[in-house]
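Paired with subunit B in one complex and with subunit C in the other, subunit A is shared by the two complexes that follow.
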Partner chain A sequence: MDVVFNQLFAGLSMASILLIIALGLAIIYGAMGVINLAHGEFVMLGAYTTWACQHYLGFGILLSLPFVFVVVGAIGWLIERTIVQRLYDRPLDTILATWGIGIMLQQLVRIVIGPESRFVSGPDFLRGNLEIGNVVMSNYRIFVIFFSIAVLLATWALLTKTEFGTKLRAVIQNRSISECYGIESKRIYSLTFAYGAGLAGIAGTLITPLFSTIPTMGTSLVVDAFLVVIIGGLGSIIGAAAAAVMIGELTAMFSLVINDTLGRIGVLACVIVLIRLRPRGLFPENTRG
Partner chain B sequence: MKRRDFLRSTGALGVMGTAGGLSAPALLLGTSSASAQVLGDDIPVGLLFSLTGAVAVVEHTLHDASLMAMEEINAAGGIHGRMLRPIIEDPASDPATYADRARRLMIRDKCISVFGSYTSASRQAVLPVVEQRNNLYWYPTLYEGRECSRNVMYGGAVPNQQQDNVIAWAIENFGPRFYLLGNNYVYPKEENNYCKSLLAELDGEAVNEEYVPMGHSDFSSIINRIRTEKPDVIFSTLVGDSDVAFARQYLAAGLDPTQMPVLSLTRSEVEVKAIGGEAAAGHFSSAPYFMNTSTPENEKFVEAYKSKYGGDAVTHFVSEAAYFQVYQFKAALEKLDPGNVTTETIRAAAVGTELLAPQGSVLIDENLHTHLWPKVAEWQSDGQAKVILDSAERVAPKPYAAYEGQTCTGAGLVET
Partner chain C sequence: MSKILKYDLVALLVLFIIVLFGFPTFLGFDGYELNLYSRYLSLGIVSMALALSWGTTGILNLGQAATFGIGSYIMAMHLKIKGSADLPDFMVWNNVDVLPWFWVPFHSLSFTLVAGLLIPALVGGLIGVFMFRARISGVFVAVITLAFLVAFQLLVVNYQGYTGGQNGLTGLAPLTLFGWTVDTYSIQFYYLVAGCLIAALVIGLYLVHSKFGLILRAIREDANRTRFFGYNVASYETVIFCISAALAGWSGMLYTLVLQFASPTYMSVSFSLGIVIWCAVGGRNSVIAAAVGAIIVNILQGKLSDVYVEGWHMMLGATFVLVVLFMPRGLHGLVGTVWHRLSQRKADKKPQTVLSKKAKTGQTEGGR
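Take a look at the complex of A and B:
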């Protein structure tokens, strides 16, 4: 039984990382209809910014978080203003454009910083485990779980409780009418894209003590994040959260019963069945029109 | 003007084409006569390591080490007064490009030998080309030991050289229960096959054998499973980023290396630099070379490498082989009359060549693999390895050791 609990925790820990990555993706898609294939590279830029903060300024991971959010957010903003903004009426072209941006970002990091894996040390006070009976939970992973819940709540609050959120929802509902009311939709879009990129950056920071920091690290992460967004219902925040937990736990449970490789196949098979039964995902956004 | 240039160059091409056409029958007829060449003022050799793409991280260091050896040889007067002329190609981590560039080096640049590559996939892509052109390919990496080509000089360890003494040592020091963990491709599977046959002989046991996809990076389930199984040793053939992620998550999960150490065949100074000394400390690697091996040859090698490529550059067990293979090549050529340099004569001269490498004295076997000095080292928190088990004698390479009835010999693969 302890094995199952340990595994449930592992699933939750995977889910929390997936959630932060997918959240940015979901917002960008939900708000602007942009399928951002460069999202994984924003995660990678977050990891490298964390490395730079630690290497050059001596910052720990937690202290780096706000810097990373601002830096990657700014890069996202710049990319939105220069490239993505020109493509809002051509949603399919955004796929190609963001994919190209992703490759360029990867190569840029490889040329400027180098191809080898970079070392980032984790926070000392989160070392060790919390043990309840035979259930062993890594302190750092517990921290990541709580942090991702906080990010989820903050995003929800931003979208529902602030003026920015109200404007954003208005733009999503009907862009031209909102503009008639004096909402600068372009500005709203840029900020939303920057926020989504910033979230990806934060995810990059949080995974540095667990993963290897290399230029290609975002590629595999973005695939899982897309899975989450699609199952959750495109653009739905609650859906993304539910889907992240579902995929994380499914992966963990399959891995417990079979192994990681076959487990992965099992998860993908379940996703296919689920999409067949609920083509618009778990919690489709019915308000879009 | 442009048109005239164009005509001139196409004319030149035409002449070259005719010349090529004339010599074609010779190329097709006898392979050995086609590759025979009289050495000119310099000796063209190919350097085929990826400087871009996914495996550039490691191959760049191999490129650097090989190039350094060539420059050292030239600075010391070359081979019989002839300078080595390295011709550098970047196959960009793509197996098909390796084959293409190898062909270019052998045909266009007339390289008499090519030094190159890190992964088995790239070696296997180059293999048909070197065999067809009857050239020599110097391959420095450890590998699964299930190949026997007369055109490849294997400088790295095969399974028996990395495992024979280590498995017995690990059973004695930690216990008989092994958890075999690797990436899902040929190398880990072959190494694990060999490990299981050793475990069966030594009353050991593989409690689990598990493979994860290349680049797999979330090991939380596997770490839980390891916690449940409580093996005595985690025997790892994870490569690159997977190894880095696993080592870091092992530390984050609070597992204890004194209870359950990772014994890796693939973790070198390069991986440890990314893992961080703290997460690597207390774990073990088995290899013929570690950066702080204390021999005069190694001190010279490390010093030269650092002064050329920067103070924080590291040498490792593949870059060492990339380095000494160039010297093996030199030693072979020195035995030859410059007018009689062919693949056959280089190979014949290379077999039995003994030289002092940074790891100790290495010898080329008639099966073209290399006799090496297996070592086991414990990683320290400063990112360096402390050698704790040094083999008393040099170990002969035994490709196909896990396969009964198959042996690699000077005549190629022999099946009985």
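Take a look at the complex of A and C:
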């Protein structure tokens, strides 16, 4: 029984990181219909920025978080202004263009920093485990879970309580009418993209102690995040959260029953069937063009 | 004969001459280069297969590499059996005692050749029926095919005893075709591959210019409207998905022959998106342009990655972004625009016809 709880916990901590990645992707997709395949590379950039902070400035992970958010957000903003902005009426082409951007970012890191993996140490005061009975939970993973819930709430607040969020929701509902009311949709889009990229960067920071930091680390993450967004329903934050937990836990449970690889195949199969049955996701938002 | 068909036939003839005579005769290729160019030509087929589903019908298939990989593994299984005395070596290492049942029929060459087309088609058809019956389109097709590809590659790597796992199938025997042992560095083999490419292009052109192709293009423009006209859109989409998969399998078989091994990297996400890149660079709206795109990008890759490997990927990414941004219809669209401008200048004083107006607006489109 303890094995199951341990595995459930591992699934939850994976889900919480997936959630932060998918949240950015979901907002970008929900707001502008852009499937951002470079999102995994934003995660990778976040991880490398964290490494740079620790290596050159001696910052701990927590101290680098706001810094990473700003840096990766700025890169995202730049990419949106130069490339993505030209593709709003061609949703499928955004997949291709952002994949090209992803290749470039990956290669840039490989040339500038090098292909070998980089080590980032976790925060000292979160070392150690919390043990309840025979269930062992690492403090760092518990922190990640709570942090992702905080990010979720902050994003929800940003979208519902602030002027920016109101404008963004207006643009999502109907872009041209919002523009008639004086909302600069282009500016809103750029900021949204930057926010999503910044979230991906934060996720990159959080996984550095858990994953090895290599140039290709984003590719597998983005496929998962992509699935989370689609299953959750277009641009639905609640949906993304539910789907992230579902995929994280399904992966954990499948790998307990069978093995890791077959577990992942099982999850992918479930996802494919789910999209077939509910093409608009678990919690579809009613949006108009 | 319509105007577009005439252009396509001229393009096919030019390609035919370049491929059959230009490369081997005028450039004086031998051995290694013939093998290299056979590889490029075989990849032209899979790119052209993608153009049938993506450019013609508007279904972006990000999992094309899966059916390509199935074809390449099928060919490799036949050659592996021929190449090993008793059991394939990797099965012995993985403690598999008897040849698995699904390996047994691959003793026969004719079965292999048929299976290399039919099994990919069957897989494509199953996924197609699964998706298109539910009227899934656009981004969702991209996601499902991508997820399928990832799952399929994991599956192949996981069952090491049956598929060779991460190493793939290596140590293959040369193919024996009607008593002729194929030497992949020979001009005969090059002509075989070139012949396959031309044959595949003829099939593609026939499909595109038939009434079937017309309906496919109607589906691309507006699937719902086509449905209201009484066409069963799902079955058309499934059929073109099958054909595209079969052609990809064909391409995969040739690819295994050229490289003399099959590897799970043929089914990777980056290979699959590579196919999309070739197709986009050449021009997704024309089957010939898509094939040419694959050949050009691979020739460039062959030349440039020798000089600097890291820089090549950078350039590939940049090229891709630029093509998507500024040439949504690829080289094909660029040639079309230039051609149009030239003919426009000639006919400057004539009143503008409806046709040329249409062609003009056509250039700004290219959304899907």
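Keep this in mind: the second predicted complex is superposed on the first by the 286 of 289 C-alpha atoms of A that agree within 3 Å, B and C clash if a C-alpha of one lies under 4 Å from a C-alpha of the other, contacts with A are read in each partner's own complex, and residues count from 1 in each chain.
Throughout what follows, contacts are C-beta pairs under 8 Å (C-beta built on N, C-alpha and C of every residue); 3 or more make two chains touch, one makes a residue touch a chain.
Given the structure is predicted, the values throughout are model-derived calculations rather than measurements.
Colleague: I'd like to know which partner A:Val271 touches here: subunit B for first, subunit C for second, both or neither.
Modeller: second
Colleague: Give one of first, second, both or neither to describe whether A:Thr261 is in contact with subunit B, with subunit C, with both, or with none.
Modeller: In the superposed model, A:Thr261 contacts both subunit B and subunit C.
Colleague: With both complexes overlaid on chain A, does A:Leu282 touch subunit B (first), subunit C (second), both or neither?
Modeller: Touch status of A:Leu282: no partner.
Colleague: Answer with first, second, both or neither: which of subunit B and subunit C does A:Glu116 touch in the superposed model?
Modeller: Only subunit B; A:Glu116 stays clear of subunit C.
Colleague: Just subunit B (first), just subunit C (second), both, or neither: which does A:Asn129 touch?
Modeller: So A:Asn129 only meets subunit B here.
Colleague: Looking at A:Asn6, would you say it contacts subunit B, subunit C, both, or neither? Reply first, second, both or neither.
Modeller: first
Colleague: Output check: A:Leu158 vs subunit B and subunit C. Expected answer is one of first, second, both, neither. What do you get?
Modeller: The answer is neither, since A:Leu158 touches no partner chain.
Colleague: Once chain A of both complexes is superposed, is A:Ala74 in touch with subunit B (first), subunit C (second), both, or neither?
Modeller: After superposition on chain A, A:Ala74 lies in contact with neither partner.
Colleague: Applying the touch criterion given at the start, work out whether A:Ala97 contacts subunit B, subunit C, both or neither, answering first, second, both or neither.
Modeller: second
Colleague: Check subunit A for residues that touch subunit B in one structure and subunit C in the other, and list them.
Modeller: After superposing on chain A, subunit A residues 110, 261, 264 contact both subunit B and subunit C.
Colleague: Using the touch rule from the top, collect the residues of subunit B that touch subunit A in their complex.
Modeller: For this pair, the touching residues of subunit B are 52, 54, 56-57, 60, 184, 210-213, 215-218, 220-225, 227-228, 240-241, 244-245, 248-249, 252-254, 270-271, 273-276, 278.
Colleague: Where on subunit A is subunit C touching in the complex?
Modeller: Residue list for subunit A touching subunit C: 35, 83, 86-87, 89-93, 95-97, 99-104, 106-108, 110-111, 219, 223, 226-227, 230, 261-262, 264-265, 268-269, 271-272, 275-277, 279.
Colleague: State the interface residues of subunit C toward subunit A in the complex, per the touch definition above.
Modeller: Against subunit A, subunit C makes touches at 60, 62, 130-131, 134-136, 138-140, 142-144, 146-148, 150-151, 154-155, 157-158, 269-270, 273, 276-277, 280, 310-311, 313-314, 316-321, 324-325, 328, 366-368.
Colleague: Which bits of subunit A are touching subunit B when the two form their complex?
Modeller: Subunit A residues touching subunit B: 3, 6-7, 10, 13-14, 110, 115-119, 121-122, 127-129, 136, 138, 140-141, 209-214, 216-217, 220, 251-252, 255-256, 259-261, 263-264.
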